[in-house]
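Have a look at this one before I ask anything.
Labels run A, B, C and D following the written order; every chain starts at residue 1.
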Amino acid sequence: MADSISIKSFTFRYPGSHRNALSEVSLEIQAGSCCAILGPTGAGKTTLLQAVAGVLGAHHAQAAANGHIQIGSVVHSPLPRSILFPRVGLFLQDPTVQISGIRDNVEDEVRFTLDNLRVGDEEAVQRVRIQLEELGLGMLATRPLSQLSGGELQRVALAGMLVASPPVLLLDEPLNSLDATAQARLLRLLATFRGRHTVVLTDYGIDAALRLADRVVVLSEGRVLYQGAPAGLVSRSEEFVDLLPADSLVRLSGLAGDERIPSPERRFFRKILGAL
Amino acid sequence: MGTRFTQRIADELQGAGLPFLAFAVVLNLALGQITSALKIPFYMDMVGTVLVAVLCGPWSAMIAGVLSNILAAFVGNPTMMFFIPVVLAIALFTAFLARRGWFRRISLVVVGGILQGVVAAVLSAPIAAYLFGGVMFSGTDFLVLYFRSVGNSLLESVFFQGLASDPVDKTVTYVIVFLVIRSLPVRLVSRFNGAANVLPRAPSGPS
Amino acid sequence: MSIQFDNVSFAYTAGSPLLNNLAFDTVPGECLLIVGHNGAGKSTILKLLNGIMKPNSGRVVVFGKDTARSHTAELARDVSVTFQNPGDQIFARTVFDEARFGPRALNRKNPDALARAALALCGLTRSEGKHPYDLSAPERKLLTVASAVASGARVLAFDEPSVTLSQPERRTLEHALRTLRSEGRTLIIVSHDLGFFVPMADRILVLQSASPALLFPAPKAATHENVLRRAGVRFPYADRLVRIVRRSGRIRHSHRPPPSEP
Amino acid sequence: MTIGIPEKLALTLFLVVAAVTLPWNISALLIAALLSARTLIPALRPLDQTARRRFRKIFFVLLCLVAVMTAVNSVFVRSGAVWAEIAGIRLFEGGLLFGLTTGFRLLLIAAAFLVLFGSTSIGAFADYLNHVGIPGPIATTALLSLHFLDHLPERIQQIFIAQESRGAPLRGNLVARIRSFFLLLSPLVLSSIVESIERGTALELRGFHLGISLRTASGPGNRHWSPTTVALLAFSIILVVYRLTLWLIPSP
């Protein structure tokens, strides 16, 4: 039930700004796939996510925009004018901001979303329990939010979004505030969504793209520089050294073509790359 | 009654949202904590309400003010609740001044603060006199006792005490709100419903 | 030497010591990277540096001054500690006023010049007149770095300075930190970002919850990978792949698949 | 006879009205009655240790202030006979009576609210407000405010440390401290406003609209009141009417 996302020559300029935040962006993201959007600050990553989620259209009604955004079968021209929740779930950068602040414990916090969607009592209680189990938060159900760690808070915030089972899940810089172990756990969790949700996430770095994404998009100054498989990103990494922390990628791609490595190892190595 | 009232609040808070209103309520309660952290002899319990009145509008400012006085009981000051009528008046009066551009220049802000102080003194005198006998456990109680000892009635004593302290307190509150708004980036202020009250009218670039 | 931790022990709650007889000192111009799980005491060390926290036992000495017997505002002349959230300190209406605050508060001789030099080092000269909240989040982070540099303190301590920075800003930060080291300033960095800081650091201090802290030269980081992993820090994924390939490249015949969790 | 929020609200109203209308000695009796009820009736007991400590602290402070205020009043307000003279200072009955009246009035009102708020969690309050049909925004803002309030001391501490680490004279003389007041307020306001706008968007992104009330209220809110609530409300009204008639018809 995941939805595909198709963006066709989408251009957007914030009111009062003298530069397009996004110009002629065209992207195809298959339903149920995972896409990573990479690029430096100001490349337009957040603007793109907010456009798809309907926040941009809702908050900047009089902004200049054209092209169109299609989510599943619904075409929005040029962009959705109201927040598309629960068809599209957008997860903001700071997990503590994502927590409502209106509920005390974990299950009530997750229940908040279903209350807003006017879901009946019995169904809501059941869906919350299932969602908490799925994210490994079952035993924390009645735990007050103030006693949770950063990683746990983010999982509760995620549960608060996923309980509405959005066909499209957008995450803005989810890895930013996490340490290495929490990042690895989040990426493993997102990998389990393949097929059930269409996941699009943005990242300053490249780890998410290499480990999780089926497709990678590189944005710079509102334009798409690259769109394709992660392995392609590795081979063209010299181009992006100024945009992404890709210097380790350059070393990686150097090895891919390194004649000195005997062919079985090189074949083995390309398999690793192919499996990215 | 609910929907029209809620719609008006939604319009005033457009671009900001309830969490901003909640922050204003906390600002009212918080300044006591900051002034005590720095041991400064001021007690400003209206900065949040005035900020909302200028940036959003009267109705949401009234909610912020009423909630602050009610929640004050939670942090241990139950007497504030009886001064809700004063808070409502201040929210309305400030929104009225703001719409007329009185928060654009410091001179108007000071005059506005003094006027507001007088309004507050007039309104809070009967409450303080009849409910609390002029005793508010704040530094100004001795003023009331002084006025009483020279023969004024309870109401007169409380009113004179109010005239002595309220204009100062309200002017300080108004000036702080003026400085806070001036310290905000123009891009952020322009999101608010009441942005026109403070941003320069002529599009001649930043003030 | 600039900073000296002399058998420092510290515990927030009695009985569960956070730091146990920690001893190390820094040499001017050195860059020390401190890593460890959240709650292992990283930011506590920063707060011990300028006297916000006082050690339970042992001494922290900054250029000869015992932090237990001096005020933070006074120690700030020698050691500038910058915390992770720019929102905690940014108060001014322009980028220049924000950068100028440190040198003026510490009444340095030429605060404006110090501020301008620091802003130039952090690539913020163009934004001098802008409001700090009109900058992007990474630029605001660089502004806190510039404020620390402008203060003129000989020791600069940062808590996660590379978080929220994208590649252009990382390049600027790298250049700035290398320049500061060449000027003889001591840098103390708390960070998870091994990829960015290991090539730049001289030594790495690993705080471990169960066992005593480990201090080793940065170039040896690769050999201490399991210690680092236990401390919750990893090298970037691509670097780990490179290391696997190099290792597999050397092992000609036994074609072992990569370990499950590279 | 269950004691829920409506009963507690009615009790508080009754005590406040009694404090304003009845003489000080009856207020004193009511305070004693309330304190004993607070220990005997489970529904009135403080929720947790902090509520218990807060009640004791505030009540004790008020008690001292009332004593001081009564003494000062009986010295300054020179009306009625002199009831005592200590070390040359004459104490007047009029001032003493005035001090006792206002003092016990304040103590009873404070005790009533402290018991009410000490024994009721905010979540329960918000749910009650919601069931009774108070528009969503007020209940939601109240909850958000308390969420902010919980995090506030820690937030101010973070700012205090960050600024002091940059050399801000937060412990200098009064002038330095007043000047640095803005060093604490400005970061708090700037970062909190930006964060609160983000929080507003985050709520919208989970389907929250200003208009709707919090939980799907079961029906238009249960309007029926228990006998205790009705009784307490009736007493309050009787007291008000009694006080008004006394005030309107001046005694001979």
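Throughout what follows, contacts are C-beta pairs under 8 Å (C-beta built on N, C-alpha and C of every residue); 3 or more make two chains touch, one makes a residue touch a chain.
Values in this document were obtained by computation on a predicted structure and should not be read as measured data.
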Q) What chains, if any, are shared contacts of chain A and chain B? A) C, D
**Q.** Highest C-beta pair count, chain pair
**A.** B-D
**Q.** Geometric centre distance via CA averages, chain D-chain A, whole Å
**A.** 46
(Q) From the mean C-alpha coordinate of chain B to that of chain D, what's the distance rounded to whole Å? (A) 19
Q: Express in whole angstrom the distance between the two chain centres, defined as the mean CA positions of chain A and chain C.
A: 29
Q: Please list all residues of chain A that touch 2 or more other chains.
A: 59, 101
Q: At least two other chains touched by the same residue of chain C: list those residues.
A: 91, 133
Q: Spell out, as numbers or ranges, the residues of chain B touching 2 or more other chains.
A: 15, 19, 22, 183-184, 187-188
Q: Please name which positions on chain B make contact with chain D in the complex.
A: 2-3, 5-7, 9-10, 13, 15-23, 25-27, 29-31, 33-35, 37-40, 63-64, 67-68, 70-71, 73-76, 78-79, 81, 131-135, 137, 141, 145-146, 148-149, 176, 179-180, 183-184, 188, 191
Q) Within the complex, which stretch of chain D touches chain C? A) 158-159, 161-172, 182-183, 186-187, 190-191, 194-195
(Q) Quick check: in the complex, which residue numbers of chain C touch chain B? (A) 91, 93, 131, 133-134
Q. Residues of chain C touching chain D in their complex?
A. 47, 50, 52, 71-73, 76-77, 80-83, 85, 87-92, 101-102, 105-106, 133, 147-148, 151
Q) Within the complex, which stretch of chain B touches chain C? A) 182-188
